[in-house]
Every structure is written in C-alpha cells, then in structure tokens.
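So, here's a batch of structures to check.
Each of the next two complexes has chain A plus one other chain: chain B in the first, chain C in the second.
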Partner chain A sequence: MNHYQRNSATFWLFLTPVLVAFALVIVVPFFVGAYYSLTDWNATARAGQGLTFVGLANFARTFQDPGFIYSFIVTTIYTIVNVALINVLAIALSLVVTSRLRLRNVYRMGFFIPYLIGGLVLGYLWQFIFNVAVLSVGESIGFLSFLADPERLLLGRVPTAIFAIVIVGTWQYAGYIMMIYVAAIEGVPEELYEASRIDGASEWQKFRSITVPMIAQAFTITMFLTLVTSFKQFDVNFALTSGGPATTFMGKPIFGSQLLAMNIYQTAFTGNDLAAGQARAVIFFIVLVVFSVVQVTINKRKELEM
Partner chain B sequence: MKRLIVFVLVLAVFAGTAFASGAPEGGGITLMQNKPEIDAMLQEYGAIWSESSGVDITIKSVGGGSGADMGQQLRADYAAGEMPDIFTIDGIESYKEWESLILDLSDEPWVDETAVAFTVDGKVYGMPVAVEGWGMAYNADVLKAAGVDPASLVNYDAYVDAFAKIDAMKGQLGLDSVVSMAASAEMGWVTAHHNFNSLLSAGLPYGDLSVVNDLLAGNVDQRRLSEYADWVELLFTYADPTVLTTGNYDAQVGAFATGKAAFLHQGNWTDPNMAAANAGFDMAFAPHGALHSDTDGIFVAAPSFYVINAESDNIAAAKQYLRDLVETEAGQNYMVNEAGMIPAFANVSLNPAGQLSRSVQEWAAQGKVYSWSQYYFSGEFRDGTLAPIYNQFATGQIDKARFMALLTEAFGSL
Partner chain C sequence: MKKYRLYLFEAIMVALLVFFLYPFVIVFINSAKDAFSVTQYPMRLPEHWGQLFTNMATIWTSSNVRYSSSFVSSLVITVFSLAVVTIFPAMAGWVLVRTKTRASQFIFLLFVAAMVIPFQIVMFPLVSWFRAIFTVTGIRLLRTYLGIIVAYLGFGLSLSVFMYHGFIKSIPLELEEAAIIDGSRLPGVFFRIIFPLLTPVHATIGILHGIWIWNDFLLPLLVLGKGNRIQTLPLAVANFAGAYVKQWDLILTAILMAMIPVLIFFFVAQKRIVKGMVAGSIK
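== the complex of A and B ==
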C-alpha cells in the first residue's frame, strides 16, 4: 500500500458512516416517499403490500383542497414577514454586540440562548405569556388596561395569531442569525473603516458602503437559513396556536394559522391519508427548492470577491 | 494501518454484542395503551403480574395532550412488524382500521360481567379499560349559595335561568364566569367530540343510532339542530372569553378547580387535576341542557378497549392478562385504587376516590346514561371540519344561523 492508497482508504473509512447514515435517513426515505405519493398508501397498509399506483391523483386532490391553498398563502406571508424581521433584528443586534459595548459577550450569549430552547417548549411558554401574563399586566397596570381586553388577545384573531408565531420565531432565531453576522462583521478589515474615517464618512455611510457589501456572503447564508426554517415552521405553530383560530376560506371552515408543515402533518396523521400527506410534502419540497435556489442566486450575485 | 484494522475489529465486536443484548426475548407480551397518566401504576401492576404469572410484560404508554398519539405509533409498529400483543382502540373507527387483526373475545369469562364491552355484530372484540363520563360538572357550594337546585338542571330552559341567576351574582360568589368552556383549536375535542355528542345521543335510549344514521346520510333534523345550537350558544355566551377562545386544558379546568367558574364542561378524568389544585368544594355532574325537552342523564361509556392482536404468538398469555385484571385482587386494586378508574365490571365492588368519578358511577348505577356516538364520525371530520366551525362560533365570527348552515353543509358532504 503506497502513501496515496493509504490516505484514500482512511478517507473512505471515515466517510462511510456518514454516507450510510445520510443515505438511510435522507436519500432512501426521500425516494420511497416520492413513490408513496403516487400510490393510495393509507395508515394500515404494511409497507410494500397492497399498494395501488394511482398516478397524480393525490396531487390533483391537493390542489383542490382549500385548506392546502390557504396554508400555502399563509406560510408565504409568514415567511416574508419572518425573514425580514429576523434579519433586521439580527443585524441590529450584531452591530450592538460588535461595538465597544461593555459586557458585549454576555449580551451575545443572552441573545443566543433562545435558540437552544426547543420549539415546543417555546410554544407553550409563549402561549402562557400571550394568554396569561399579558392579561395580568393589563389588569394590574392602569394605562395598559387595553391588554386585558379579551377581544385583543393576540392568539384570538387570525392575523395576530400568525404575527404571534412570527414574534416567537424571531425571538428564537434572531440570536442564531446574529452570530453569523457577528462572525462576518468581525472579518471586515479594520483598515477600510480607518480609510473611511479619514475621508469623513458618517456611521450610516460606513455601514451602507463598507459593512453591507463586505458581509454579503453572510447574507446568502442567513437569508437561506431563515427562508428555509420559516417555511418549515412546525413546532412553534403546533404548540402555540395548534392552527387556531378558525376562519372560512373558499367557503370551507378551516384553521386560520395552520402553516404548511402542520397542514401536511394533519393530512397524514389526523386524516389518516398518508399518501396525500406525502404528495403535499413533495410539493412542499419542490417549492422550497425553487425558492431557495432563486434566493441563493440573487444573493450570490451581490457577493464580493476579495 | 494495522492499528486501524484492529480498532475497527474491536468496534465491530462491541457493536455486535451491543445489538445482540438489545434483541427482544421471546415469550413475553407487549401492551400498548394511550393513557400516559396511569403509566406508572400500570408498570407497577405489570411487574406484579409478571411475577405471579411468570410471563414477561412490556408496557408502552403513548399519547396524551396534543403530542404523538397512539394511532400513529401503532401504524409505525405495524409497518415495522412489531405490533403489540394487546393494544387499545377507542371505538368503531379505530376498530375498522385494525379489523383484520383484532381477535374475537366473545368466550372470555369477563364478558358476562360488563355491559359496555366493545361489540360488533354481536361478537365481543374489546374489553373496556374503564368507564368514563362527562356532563356539566358543577360546584355544589356555589350552586347552593346562588339558590340553584342541581336536580332541576335537565333541560335548556332550566340552564338559561340558572346561568342568568348565577351570572348576576358573579361578584358576590367570587366567580369570573358562569361556565368554564374551551373552544380553541387545541381544545377541539371538547367542542367537536364531547359537546357534539349531545346532538347525537341526548335524550335517546342507550345505543340508539337514529340521529347518527340520519346525519351520516345527510338528513339533518333542523329542529333538533336548532335546539342544540341554542345550547352551544348559551355555553359560549356565559363562558370566560379568554378561556373560551385561547385557553388550553389547564386554563379551562383550572378556572373551575380554583372556584372561578360554577360549571365545567369536562368529564371525570379531571379528578386528579381537582386533587392537584386542592379543590375543597363538593362537585358532581348535572346533565347537559342540549334540548328543550328533559334529558335526565349524562354521557357514559368505556373510552377505550383492550383488544388482542390475532397475529400474536402469545394469545393465551394476553387473554390471561386481561382475565387477571378483572378477576384478581391485584388487578382490581390497580384499576380502582391505583389508577383511580371507574370499573366497568359488576364483580368489582371497589369505589374510586374522586368526586366526579363517583358521580359518574352514581348516574350509571341509576341507568341515567346516554351513549358516546361521536366515534361514528371520523377523526378527520370532527377535528378538521367540525372544530373550525365551533371555533368560529365561539370567537363570534358567525351567528347561530350560519353555525347551523355550516353544520348542515358539513353533514351533507359526508
């Protein structure tokens, strides 16, 4: 065995466990799932037995379901608002914690911690805040008494309930995205700022003309991450609103804050229609790929080559 | 390189032994049930039973709240070829799902001891886990102070008067609202399962499916529906709007347990919550006022049934386990004293400790019971179609006429 062969053997030896795990939990289920979406798979069909091929019937039914169309629209709105809010907040926070602030490392840690809490826990926690804590504040502080009005409960109306998911999603995720911005901002060469200072640039000009273009690579990553996680939002949605409150869409009563991932879950497991759920998941996947490819392409164009 | 090979070999040996020791041993039985709150007691009883019978038993508890439910776990286990020997079903819908592998238990000795076994076409397939019931749980102390006789609460008009009377005295009685009702998305089971059942079975003989069959066929009796809609509206009107529209189980039960509401729209499973909240008042169940005519009874049935997997290798042991649960002292003690359940068998003479459970037992003993018929409608229909309709009514987005129209339309689409 020569040197090259030995290296190559070690390379594959270390790579194999990862490849096997990746194939078993991602690649194989993906293709099996895509196949199931074309069948009449229901809950009690044992895998590989008694399946009938039904072509694109599940997809056709999916596009006729008001619940799915509604979830799609709501999820898109949610994603746009959430991506914008997370990124604006994350940049603001990262600028704060990279400035000459005392205790900035403590702040960094503090902003990051929500990311370490699971979405379900966060959902129940914030449900308590929105339903109980906010009311108590309204009841005990005079000029905030409007908060105690049951008509104004954040989780009691569809638009505000979706906004409540945005609030929790942002609170959870902004610290994580902040860390990516922090790393990028700290990588900007100091001499650029020095030169601009000599030229008499204002803080805003420095941010606009130096920081933003220099951290364009970070934007590609953060936009991608926030886009994908917002689109896939499930746990906070499930624990915080369970899809409620209800509304009517295309003449059908449906749950108004049910995002796409939860709609797929309900179709598959409450409706026992696993094949239809699978078809929705395939559509979901395709849409997500298209969105993120477009986003990455646009962002890539704005990156600078150093 | 040599070292690396040795390392890999050692790893392989370790992995081999680890997997080998993790393999299941033959001879035992597996039971899967859907009440995590009694898991600890059941595990304890399982250990006692194992010792006396010499058969290993593995107990898996899945479900509760809005998390994973047992149906999903069963489907996964079935697909993996690891179906438990004994599992629970909740009614006709889940029976149909597993019909092909549920064993006929008609010849078991406990069949003669119970009136609520799960039967299809005269054959017994499921052994009742317990008896449960719901109605309008009331705070007897509050009703007494307000001068309302719980025995009079048998129809809609009686409730209209009682609610109005108590509502006027709310401040004096220390109440936030008259009735603790929940209709948020995650509490769809209170509205679209339990309350919905009033429409299906209130006032009818036990097991009468005439209304169910009419609705399934799309024939809606508008008069009955209108009376029922009045009842729903009455409950929503006198409920605390915060609890009603966004509250969860804790908020709903907590309001009653802490004396902030005079009535609670829940069942006897709230007994442990009452104990945990140190609710120090007398409580019992009153019938629903779902109709204008008298409906003097509460909704009582077995919520779930043990069934035996016909493909199991240990059918005899599984049957023995179920027999012992009813016939042995340890089994009865577990059911009533440890798990706090209302026994579904005549040969069990123990009484549960909870006030609401005892109330259910009293109603059942008098034979004033109505059936649970909501299971004749699929889970998808109740959770996906009915629950949003109730929720819109509760949040005031639709009025009674629209509520009735939406329900009629929903039944028409079945």
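== the complex of A and C ==
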C-alpha cells in the first residue's frame, strides 16, 4: 500500500503529539536523570547550574548505606511473598467464580472492588483496622484476647508491619489478577473438560492437566504485573506504616518497613539529597529490568514445556 | 447429597465475601461516630446516624480537603488525560501499523521498551526539567493542569500505543482502500472509518488508565505539589490525614467521601468495566 508510504506528512503529523509528550516526560528526564546520578545534584542547585561531576560516588555511597541495603532486602522479600499470595488467592478465586455457583457474578464483582480504590486511601483505612479495630475485636471476643495486647499490634513490630503491607497489597490486587485468570479459564475449550469427564478424571487432575497448561500464557502476564507492582509499592507503604517502626541494621538506626520506592523518595526529599535519590532510582530501574526479564524468560520456557 | 454440598459451598463463599469487604463496612459505620466512640467501639453500629452528616459537613468545609474543588480537579485531570491518552496514541498506532518503514518499526519498539521504565527513575529530573522549561519559555508545567495532563500522556502512551497497534493490525486494509478510491484523504480515513472501530480498545484503555489516574498519588504530589490550589482527592486525603493525625472519625469520613465517586461509577458501569479490564489485560 503505497498511499501510506507516500504520505509521510500524515505519518509525522499523526505521531507528533505522542513524540513530543514522550520526549518531554520520558526521554529527556531519563537521560538527564542518568547524568544527574553522576553529579552532586541537590535541591538548592538549579538544573544545569554548577553541577559537579562526581563519577560513581553516589552509587558507592548508596551501597554502603545500611538503610538502602536493608530496604533492598525487605523489598525483595515483600515482592516474593506478595507475588505468591496474590497469585494463589487469585487462582483460587478464579476457579470459584467460573464454577457453577449461583452467585458467581456477585463474587466476581465483590472481590474486584478493592482494586478500584487507590493504595493511599486503603493504606489509611487499614491503619485504622490494624491499630484500632483489631484491638477492639480482641477485647470483646474471649479467645482472640491476644489481639488486644498493644505489644502485639501488627504495625508495632518490624516483621509483622511488613506482613501488614503484604495483607493490604494482596487484598487490593488479588481481584484484578483474578479477572485475568477468569478470562484465560473462560477461553479453554469446553470439549477438553468433557473428554476428561468421560475418561473419569478427578477435579484436581482436570485442573492440573487441562486448566494449568491451557492458561500458561496468563501466568506470564500475571506474574509480570504482580512482580512489577509489588516491587514499586509506594502508596500503601506511605499511608500504612510510613516506613516505621524504627529498628537498627548494621549498627545504624533505620526504618523497619521502608520499601525501595519510599527509600528513594525519602533520600531525595527528607534527606535533601537528590543526587543520592537519583542514583538509587537508577539501581532500582536496573534491578527491576533484570527481575522482569528473568521472570518472563522463565515463564515463557514453562509455557512451552506445558 | 451433591446439592447439599453445593449450598454449603455457596454459604462459605458468601461469608468469605462479607469478610473480604468488611473493611468498607468499618469505614461506613465509623464515619457516623464521634471521636470518642470511634476508638472505643469501632466494631459497633453507630448510635446516631445523624453524626455521619455532621462529619461529612466537617470534611466538606475542611480547608485541607476542599472536597468539591478537589473532586472537580480529579475529574478534570482524569477526563482530559484520558482524552489525550486515547486519541493521540490511536493516531500514532494507526500510522505505525500502516507505514512499514524502518522509522516506524524503530519508533514502535521505542514505545514498547519504555513500558519498563519505572516512574521513580524519571520523577526527580521531570520536576527540575519542567521548572527549567518555565524559566526558558514561560510555559508553566508545574502546579498546573497542563503539566499533569502532559505527564499522564507521557506515562500512559506506551501501553496505549501498544494496545491500539495490536488491534489495528487485525483491521483489514480493504476497508481503508475503498475509502481512498472514493477520494477520502488519509486523516479522514482514520477519523471516519478507523477511529469508531476502535471503541473496544478505547473502553479498555479508559478503564485501565482511568483507575490509575484517578487514584494516583506520587505523580500529583510531585507535579502539583502540596497545598496547591489544584489538588486531587488522594492528595486531599493525605493532606487531611497528615494534619489531623489519629482523628479517626474524620479521617475515615474523608476516606469514605474519597471512595464514594468511584464506587458509584463502578456500580453504574460494572459490566463494561469488567469486560474492558479483561479484554485489555489478556492481549
């Protein structure tokens, strides 16, 4: 079709709005940011004026900072647990809402609702639940009295505070991931199940030998989405724990539940050290790319095996 | 026996769903309590439902929340961002599919590659670069509607272009050739023939990006800033919760009021939303 090839005016005209926005918002800040991470950029120095090139000093400082190392470890643990829990819950729910239950459509809508509300608002809401509501449940129900012990508040101790972020993250995201599994399950041809019924397959065998291999492609997508969103978690972290409670790591006081996205933000603004924040963001980006490439490669290979 | 088990299973699921959604009940009942009973009896039903309206009035008139103005700002930002993040990427997706040159392939790959770029790596330079643009050209991008809408176009366009590109590939070329033979110019072909065919993609992108933009917190915090005349509802909630620490009766009311518009929208358009979500995510 050379109508299109000949009309390069239309081609560029139609591309201009997105190219301008893309350059303005992604390309320039990306490269400028990569450069800034190699300078002594800070809040008082305006862009481009008097920046000194410092090489990899910001990166060296970052890798020596216990706060960053700790945050990195915690984020990795958070991501692994969150990805696992979201996907297990989402698969279980997707099987329920594609079954013969009468209210399956009500469940479908219901479990999806938390996804509609932003992590920031949900973070404050769950802070109330963990700090106030759970306490009162413990006071009024005898065998749950351990919940009423202020010493045992979930948000009061480091491991449980991180787990609290997992609870909210999973609660918020499982319904969305469920929807993706539902779409995949509904795409599996009914004949396969009928054939297996004639062969006398059990429910588990049907799930293992038909459903799982047929929805392998969906796993690649859901794993990727949950991995990336978990790794980038900020809003719930900010509103639910704001990084607390305090603890020590490698002999330095640090924030016990501070995930990487929040660590980057804090370093730049509260710590007033934009260059260090930017260096952390660059590391964050590289790690995220490596993680997701590894995940997609593994999932793609599994897709073929099944 | 089989029937009995089915009913039992159904009952368990209903109980599970109620438990799952109970946090929303907690917000609702505690928005109708005063500061004392919200912390003393958070699980009980309120004694006077009238307190709900007292609390809502407090939030409505609060200078931190500025509810009506924040709601309008959220709406303006979401609607205009969605308009640009559908129309422009649809145009781009179309010319990228129909023009098979090196340049078009390269540009498409560039957009796809950009999907892995997290907000964190561009956020600080974006702010300083927007400030620099103002100093040089006088165009205000920080603390303005224009700036945040451009930002959402920039961050949303990769996924949009990718989805339009995938869909347009499946539209037969004959449809366009017929119109060209009839004397239509290329832009006309796009707007009159192709654009209406893209409705399912518009819906999917509208929902996916709509949920993201409406609820987003970090980008508005950086581009609009704290205490700006223009603030979105999440910024308003954060602003209020930061100023009234532990005033749970009012914080929960603010949360409730921030959730109401989304929930109403969801119950009105639930079928379309669920369909649109799924169609987009599986592609």
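To be clear about the criterion, the second predicted complex is superposed on the first by the 286 of 306 C-alpha atoms of A that agree within 3 Å, B and C clash if a C-alpha of one lies under 4 Å from a C-alpha of the other, contacts with A are read in each partner's own complex, and residues count from 1 in each chain.
Here is the rule we use: contacts are C-beta pairs under 8 Å (C-beta built on N, C-alpha and C of every residue); 3 or more make two chains touch, one makes a residue touch a chain.
Note that this is a predicted model, so its numbers are computed, not measured.
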item: Touching partner for A:156 - first (chain B), second (chain C), both, neither; value: first
item: Partner chain in contact with A:241 - chain B first, chain C second, else both or neither; value: first
item: Which superposed partner A:22 touches (first chain B, second chain C, both, neither); value: second
item: Partner chain(s) touched by A:118 [first = chain B, second = chain C, both, neither]; value: second
item: Which of chain B and chain C A:10 touches, first, second, both or neither; value: both
item: Touched chain A residues, chain B compared with chain C; value: C
item: Contacts of A:63 with chain B and chain C, given as first, second, both or neither; value: neither
item: Contacts of A:266 with chain B and chain C, given as first, second, both or neither; value: first
item: Contacts on chain A seen with chain B and repeated with chain C across the two complexes; value: 1, 10, 13, 46-47, 132, 238-239
item: Chain C residues touching chain A - in the complex, by the definition given at the top; value: 6, 9-10, 13-14, 17, 20-21, 23-24, 26-27, 30, 38-43, 84, 88-89, 91-92, 94-96, 98-101, 104, 107, 110-111, 114, 116-126, 128-129, 131-132, 150-151, 153-155, 157, 161, 173, 177, 180, 186-187, 190, 211, 214-218, 234, 237-238, 241, 248, 251-252, 255, 258-259, 262-263, 266, 270, 274, 277-279, 281-282
item: Footprint of chain C on chain A - complex, ascending; value: 1, 3-5, 7-8, 10-11, 13-15, 17-19, 21-22, 24-26, 28-30, 32-33, 36, 46-48, 96, 100-103, 106-113, 115-121, 124-126, 128-129, 132-133, 136-137, 140, 171, 176, 179-180, 182-184, 187, 218, 221, 225, 228, 232, 234-235, 238-239, 261, 264-265, 268, 274, 277-278, 281-282, 284-285, 288-289, 292
item: Residue ranges of chain B in contact with chain A within the complex; value: 1, 4, 8, 66, 69, 71-72, 75, 78-79, 81, 97-98, 184-186, 240-242, 245-248, 251, 379-380, 383-385, 387-389, 391-392, 395, 397, 406, 410
item: Contact set on chain A toward chain B in their complex; value: 1, 6, 9-10, 13, 43-44, 46-47, 67, 127, 130-132, 135, 150-151, 153, 155-157, 238-239, 241-248, 253-255, 257, 266, 269-273
